[in-house]
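Labels for the chains are A, B, C and D, by order of writing; each one numbers its residues from 1.
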Amino acid sequence: MIHAGIVGASGYGGAEVLRLLLRRNDVAVDAVTAASSAGLHVDALYPSFAGRTPLVLEELDPDRLAGLDVVFISLPSGEGMKAVRRLHGRVGKIIDLGGDFRLQSAALYQQYYKHEHVAPDLLRDAVYGLPELNHDRIVTANLLANPGCYPTGAILGLLPALVAGTVESEGIVVNAMSGTSGAGRSASVDMSFTEINENVRAYKLGVHQHIPEIESVLTEASGKSVRCSFVPHLIPISRGIYSTIHAKLSGSLSQEEALGLYRDYFASSPFVRVSTQTPQITTVSRTNYCDIGLFVQERTGQLIIMAVIDNLIKGAAGQAVQNMNLMFALSESLGLEP
Amino acid sequence: MIHAGIVGASGYGGAEVLRLLLRRNDVAVDAVTAASSAGLHVDALYPSFAGRTPLVLEELDPDRLAGLDVVFISLPSGEGMKAVRRLHGRVGKIIDLGGDFRLQSAALYQQYYKHEHVAPDLLRDAVYGLPELNHDRIVTANLLANPGCYPTGAILGLLPALVAGTVESEGIVVNAMSGTSGAGRSASVDMSFTEINENVRAYKLGVHQHIPEIESVLTEASGKSVRCSFVPHLIPISRGIYSTIHAKLSGSLSQEEALGLYRDYFASSPFVRVSTQTPQITTVSRTNYCDIGLFVQERTGQLIIMAVIDNLIKGAAGQAVQNMNLMFALSESLGLEP
Amino acid sequence: MIHAGIVGASGYGGAEVLRLLLRRNDVAVDAVTAASSAGLHVDALYPSFAGRTPLVLEELDPDRLAGLDVVFISLPSGEGMKAVRRLHGRVGKIIDLGGDFRLQSAALYQQYYKHEHVAPDLLRDAVYGLPELNHDRIVTANLLANPGCYPTGAILGLLPALVAGTVESEGIVVNAMSGTSGAGRSASVDMSFTEINENVRAYKLGVHQHIPEIESVLTEASGKSVRCSFVPHLIPISRGIYSTIHAKLSGSLSQEEALGLYRDYFASSPFVRVSTQTPQITTVSRTNYCDIGLFVQERTGQLIIMAVIDNLIKGAAGQAVQNMNLMFALSESLGLEP
Amino acid sequence: MIHAGIVGASGYGGAEVLRLLLRRNDVAVDAVTAASSAGLHVDALYPSFAGRTPLVLEELDPDRLAGLDVVFISLPSGEGMKAVRRLHGRVGKIIDLGGDFRLQSAALYQQYYKHEHVAPDLLRDAVYGLPELNHDRIVTANLLANPGCYPTGAILGLLPALVAGTVESEGIVVNAMSGTSGAGRSASVDMSFTEINENVRAYKLGVHQHIPEIESVLTEASGKSVRCSFVPHLIPISRGIYSTIHAKLSGSLSQEEALGLYRDYFASSPFVRVSTQTPQITTVSRTNYCDIGLFVQERTGQLIIMAVIDNLIKGAAGQAVQNMNLMFALSESLGLEP
């Protein structure tokens, strides 16, 4: 039995981790924390848990969590690293769903996240938890940085072509459309139904904190300096991210070759499916899949890649559980059936 | 030229009044107020006004508004009566879109609105601004209480049958489904897109402040003690209210007779359309219409009435402009073309 | 290993049965049929199945299905009974998700379904598959009529109060709001996104085929002649049904007594949760739960009951699997974790 | 009084033209046609017209329409040119909302529209009706090709920068997200609410008929060979198009310079608003505005342009009325108030 804790269970990401762990009989969730809701049963915030667990939200108390096999941290960026600092060395493994340990450079972190890093010494230990890229390092990781939702789709979509040198590493354009749950469970006029419904808006142009994550992971993986423009859009869906990517072909490439390249790359990845159809969000919704569609556009000399995920599953909680499975030598897809 | 002011132009209702008045060349909007946003151009809150008006939001200053022909007040209940108190006697006519002057009893007001009425002396002067019911009194009103959104649909749906005695005045069931703009422009987790989308929830059972409004207006109009159960539901649409009403038939009634009764009642009402089809919200969306569908259900001895409106137009700003038209002896439908 | 077949796997209901069965390692799906799509892989219709099953849709061939332990039938009403006729006696157990075997009277069937019943002799054998009502009969059933989506919510909401005589059996009003997946996977202007979005419409007033199902099941269960008005509304959500029910109290009843009555009634039902809060659809979405909220409205002498389900899970495929579990002596909730 | 006819009034575009013309007292709509619905009142298809017009849909009869001052044609591509052929020379002016006269090359037309052009002799006469580009030619046009919805946003977004040579004419990427009304009023599983809701999908990659329209208009206007990749996405909104465009800067450009360039270009265009904020669809919804947001991204050397319109208004009916205004020497914005 794996004994687990969830720090930050009042947000959508933490609640999804809880839902996925409650499905399992090889994992026991011993503690869930949420500073602002301490003392409440989890079903006070999420009535869907009614009758399914007696868990009560607690304050974060390292003594209370000490000795757990794994702790999932689902806190806002800036808060996550403080929790990691307090728990590091006292619990078996830490899976951080936030952004604090995804960049290896504390300076780059500060530039995009707008506050100083309080645990720069731990950045080196942290493993970027994209199983399709870092499988072997994840298996032995003690501190895992679960990828961001946008980066998960963008990186999976670009990896095979960039690693193979099929596309150029500069001039990449990533247009992404996201559901609103990615913004978290929060009160704001901008995120209200009336403002989001029947609407679209781009946001955080040029300053989104996922830009350096996408570029640095792809740069390290491909060995080339990857530069891309990333424009996120908020659209009226609750869940899902659709990323449409343009990259300039280095040479000629047939549709079949593109498909073969991607299928080979993901041959041992149970949650990535590749085709030459345009993917859809509903196909991956509430699942841990990333579906990728490829289109070689000869007229403009570009490879167009569409990648879709559920931002709360493959883009957060599902990928965290996938990583936990690897970190505990379990089947990668255990408990992640649609 | 009618000189108008809008107090509380930062909310959806006030902004819709502004949009409707900007269409007209017989009305000049001289001032718009919004305490929390004073100093901002209206297009800072509503970019849709960009390039269409130079109006800047101001603090409410009775000296500044004094002498205007008409002032629309679109403030939260409790705030509206304070503004009326300050403006009464200093401006030509006041149209209050809030709930503070809709009930003639200060005691009933306090019971449902949960605070004391600060201007009970003005309640007698206030005219309930449902043109289909109070046309003649509206024409001469100086203080007009614009009906609530839910009551507009429920009352129009029930009026002809109750006045004619076709249905019993007790045991009425009003189920209403509302779009989210009715909750105003506000920040809350409950009204966030992620919580509203793909969801329905009933709310305020038995305590909604529109219950006494519906019952008292219908009681006065019909001369019978009207009692109804009112259950509002929040559904994932931005605009519109669908009210499905059950009332017990007093005697036998054919579908044709029901239709005739309603068409006669609304013969001179340009914004009410009656049929034996089930109505739809999109048909009245962004318009000042109330569409009513009738179904005589012999099997259960009930008249089922469905009434639909756009909560921000016929349920608020449009009806306010309709009332202004009557109060200034203009064509009732001026400036309210779909 | 239970060997199963799904007849009519191209619709939403059949596809959900397939999804739920693919989760399990104690059930093997040996055949899926869909006349109009025979020869296609299931992922051609539902890309979400890509990589998860090699199943190819077939024509319905009784010889091919003969000997299966259980066959789920998810066909339009009128088609289901023909399939049952062909398979009856040749397969172990039949679970019909359509409406053909829910009414015990062939005459009543014809009145509401508008065509003659072709297997009236089998009506007596068919067991109405609402586990919370018919647990023991389901365990031994060979032909199971899975309840309709609307009736599931309405009946569960009314059962305890009607059986206990707490409410009167006449004058019941059921207002229901349904997502669009209940209408099936079909091409029509009326069901297009542009027509449904931002819209509400009531439909099939007085003639909906679920009216006799609700009334006859409740009449038989309570021993009183139950009569209710049922008004279904189509609202812009994909999944879920919200039923708001008004029933006249027979005597006085406190909120606590109502809660106790319902909790007692459903004490051994793992998928019904009762509270005095208003329920929400998202809480039960993608689950087999029915959440019930109770409100005793003294002012009008009514019990207001709100019941919510996911129309495709508790209202169709999930309940079918729940029934299968009972019919094969398995844990009632096996494979139905959220 | 301008006497107008609408050919194809059963679709969304034609119905919007009718709505906009019914607002006016200087235009009389004398005839509306719709082959498949001939004999029906327009309110049978669009209940929103109930009580507002006695118009009955007719078959298209050139003798009946002969002599009208203007005829709007809102038919599927391929049908429009047949109607133009029949009406040309018999009515005053023709405004075709379809795609048949937007490309000057019959060969290019056939390549993308997949059928032969039946009136290639009229292509030369047709004026491309983008008022912000072709104002003077529109004033004198007799056959006007109203722009496509996607091209309207993409072309307005790119025109100033391309004409000024601020961006390179190759390597342009246009990602567009569209509401569903752009697909017309039609019955298909793909366009059903259940399939569109909570979903996104790209479609028609590399073969969309708006590609040659965008490229040829921009090529002619800028004098450079413009090549762009265009990826349309269907998202769950009814109305609106959001186009996010990447173009490579030719040299250095400040945010202020970009803003100045665009504001100068559109100085006399009442319906284009430019800012350095990201635009939103709701801001232009139900209006004839095109809002443009500019972002100079130095890090990648690109100008990012976001352009939003309402596909049925500025992208169809509103622009058609704007063109009619110009063709009849009226104020460009007459009858197009929000």
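Just so it is clear, contacts are C-beta pairs under 8 Å (C-beta built on N, C-alpha and C of every residue); 3 or more make two chains touch, one makes a residue touch a chain.
Given the structure is predicted, the values throughout are model-derived calculations rather than measurements.
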item	value
Pair exhibiting more inter-chain C-beta contacts, A-C or A-B	A-B
Most widely separated chain from chain D, with each centre as the mean of CA atoms	C
Length of the line joining the C-alpha centres of chain A and chain B, rounded to whole Å	46
Chain A and chain C, separation of their C-alpha mean positions in angstrom	36
Overlap residues in chain D, where contacts from two or more other chains coincide	179, 195, 197-198, 236-238, 279-280, 282
Chain C - residues contacting chain D, complex	12, 179-181, 183, 185-189, 191-198, 236-238
Contacting residues of chain C [partner chain B, same complex]	171, 173, 175, 177, 179, 195, 197-203, 205-206, 227-229, 231, 233, 235-240, 242, 244, 246, 248, 278-282, 285, 293, 295, 297, 299-300, 302, 304, 306, 308
Parts of chain A lying in touch with chain C, wherever the complex brings them together	19, 22-23, 46-48, 50-52, 197-198, 273, 275, 277, 279-280, 282-284, 286-287, 291, 337-338
